[in-house]
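Each structure below is given as structure tokens.
Next come two complexes built around subunit A: one with subunit B, the other with subunit C.
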Partner chain A sequence: MIIRENTRDSVSTITLAGTLDALSAPELQSFSENSALSPNVVLDLSDVDFLDSSGLRVIRGMALKKRESGGDVILACMNDDVRKVFNNTQLVRLFHIYDDLDAAVTYAETNKKSI
Partner chain B sequence: MKTLIVIREKDCQWARAFFPDMHPFLLTICNKPYVEFLVDFSLLSGIRQIRLLSDGPLGEVEEYCENGSRWGAEISYASIQSGDDMQTVLAKNKRFCAEERCMIINGMVFINYGKQADYNAFIAAFPSGEILSCSCGSLMLTGNPSGTRNISPPYPFTLSCFDSPGLYYRLSSDILNDAVSPYVLPGYNNEPLCHIGRNVVIGKSAEIIKPVILGDNVQILGGAVVGPGAIIGSNVIIDRNSSVIHSVVIDHTYIGEQLEVEKKIVSGNMLIEPESGVSLAIEDPHLLTGIRKSGASLSFIQYAVQALAALFILVLLLIPFLFLFPVLKLRGKWMQHNEDCYADISGKILNLSVTAIERGGLFGSIAIFLSLDRFFQLFRVLAGQIAIIGSTPLRVSPENREHLKRMPGYRPGVFSYAEAEAWPVDHDDKAIIERFYTAHSALFQDILMTVKAFVNRIHEKSTP
Partner chain C sequence: MNTTIILPAEMCYLRLATVTAWTAAEIFSNSLNAENGIHDFCHAFKLAVCETFSNSVRHAVHSKEEKNVTIRFSSSNDRLTALVSDSNLPFDPVITLPDIEKYPEGGFGLFLIRQLMDEVVFTRENGMNLVAMTKKLTVEHKQGN
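Moving on, here comes the complex of A and B:
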């Protein structure tokens, strides 16, 4: 799993590439715990080709933690396979999902102002 | 151009209430799913890229429509939140809507179009904004029109509300009674007012009176009278000497002998009076009942493997059980009661023995360590009533009945998938894991998950 972080318009964007499973999920978890991220974080999932329940756990955990401190995790550009996993588990109800990274960043930026 | 079809759960709440076994997008109007009418309208408007949006689950719709290739369309799916306004919906689908004009069908509305018409030029030239609206939703366009043309009402199609069983019934009747139907309807049709699906069996003395629509796999037994004004869905059985007149029978329904159904909507065991919306659930399955598969059933190989695994665990636990059960029972630390649980998503009830072993003491700890509290449930696996690993059995209650509707692959197990994973901390976590694994269940994975659940329980109980 490749994890890249950059900041766009003062919003942390985490780009994930590869497989997010039991082996790689702890990497993402420790990354999110040890990085200084903005209150609203955009997860770019365009290059995630597989996601399992461990991956869901980390993403859900990140979102719950961010929400405790008034922020959120916004998901962007998920492919069909990843969307189906979110759909099957009904996690789609929990997240704002954008099909475009710029739109997700804009939402995160404007939402930050309203916090 | 592209089409966004935005239907929120609140828009289709009525359909969920009256037709709980059918996704509102797939609710059939004259045996044609509602969403197909919207797809047809898009195609007549020259639009092939369609996205379905909802704040509810879309799995069933996706399974039915797939990628839309059967209609020559490209269908994609996305989720929105219930509170999203149209601006947010468009932002969430920016990539889809970018650079091209977008037609938005918002809300559970019915578009009265004509199959012979071509709306391509009309839609392309119509200025950005709302085309039509009603109290249930609207039809609008975004982006700049091609060319300039003065367009004034009346428009070549109209919009009507679709938000009650009364409107559903009237709409179905209107389409059925139209000798030259403006819509493409399923089934064989070589004369007006009559459509017959595939694999229809009609008894010799049965009477079919036009206008009528029969779905696929319909059986009409001797002496039955179907029509006039009858819409019979697919996989329906109408038993001897029954009559269905001016009524709509939804898919997967059995109508018992000598039953007279007139001006009603029948869905499973529900009899609905369209205008008043009053519904009556018939408890006698000989009169009226749903014909459905019981959901996530096991294949023979799955059953055989699960039964073998259960047998293996039973043999393994037999000696500890024979020793510990009487000891703990005598000490009052073995508490056992029976509980009614849901056996599958259809709501079938299963009486399950539930054991609680009091922690504390060497014997109690060993019994919990070995999962002896699940010993009796293993016999249910041999009987094929539950799985060795599956969902946590849901107790019968109105709240859990609702919960069951959101668990499409629900199959109770001796051990649950949530027990196999170490991370669940609350009820929501458990539900996520169970939905994930029921959707991605596989034979060898199930065996692995059973071992994990067994080991996790040992670990769980040995930790103070």
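Moving on, here comes the complex of A and C:
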């Protein structure tokens, strides 16, 4: 799993590439715990080809943790297989999800100002 | 189809298990000359095997002896079954959707498997945990075949 982070418009965007499963989920967990991220974080999933419940659990944990301090995790650009996992577990209800990265960053930036 | 793969119960073998699941589902789909729905069928088996294999590995870490996970793929007409077995301690499969807003509760894996498969059967037999996961491939034959 490749994990990259950059900050755009004061919003941290984490770009993931590869397979997010029980083998790689601890990498994302560790990254999120040890990185200085903005209150609102955009997770760019466009290059994630596979997601299992372990990856899902880490993403959900990141979002719930962020919400404790008034932030959030916004999801962007997931493929159909990844979206299916969110739909099947109903976790789709927990997130703001965008098909477009710019729209996700704009939402995160706008929402940040009201926190 | 009747194919078996035996892997050490270690997480580093997870991708070998999932690639095998995808390939088995693909071979099965091709054997039926299926045209549509192959990707979703293969993804369902990949994800279901991913969840069961990683569950087996997590439970195996409590054991001092070396453990294996056996995955057997078998077909009957238009149905493919993945039978995942391990010699871990018995477990009680709870297949209800966890509270999505409760942190850090898990349990999404078994729920996902139930969503993806047409039939999921958990049994305990001769000291082994068996998870049989079956899915039907709705076949639309390729034109000209």
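Just so it is clear, the second predicted complex is superposed on the first by the 115 of 115 C-alpha atoms of A that agree within 3 Å, B and C clash if a C-alpha of one lies under 4 Å from a C-alpha of the other, contacts with A are read in each partner's own complex, and residues count from 1 in each chain.
Here is the rule we use: contacts are C-beta pairs under 8 Å (C-beta built on N, C-alpha and C of every residue); 3 or more make two chains touch, one makes a residue touch a chain.
Predicted model, so just to flag it, every value in this text is computed and none were measured.
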item: Contacts of A:107 with subunit B and subunit C, given as first, second, both or neither; value: first
item: Which of subunit B and subunit C A:50 touches, first, second, both or neither; value: second
item: Subunit B versus subunit C as contact partner of A:21, first or second or both or neither; value: second
item: First, second, both or neither for A:83, with subunit B first and subunit C second; value: first
item: Subunit B versus subunit C as contact partner of A:96, first or second or both or neither; value: first
item: Which of subunit B and subunit C A:60 touches, first, second, both or neither; value: both
item: First, second, both or neither for A:69, with subunit B first and subunit C second; value: neither
item: Footprint overlap on subunit A, where subunit B in one structure and subunit C in the other make contact; value: 52-54, 56-57, 60, 84-85, 88-91, 93
item: Subunit A-facing residues of subunit C, complex; value: 11-12, 14-15, 18, 43, 46-47, 50-51, 54, 57-58, 97, 100-101, 103-104, 106, 108-109, 111-112, 115-116
item: Subunit A-facing residues of subunit B, complex; value: 55, 57-59, 62, 76-79, 81, 88, 91-96, 98, 406, 421, 423, 429, 431-433, 435-437, 439-440
item: Interfacial residue positions of subunit A with respect to subunit B in the complex; value: 52-54, 56-57, 60, 77, 80, 83-93, 96-100, 102-103, 106-107
item: Subunit A to subunit C touching residues, read off their complex; value: 19, 21-23, 50, 52-54, 56-57, 60-61, 64-65, 81, 84-85, 88-91, 93-94
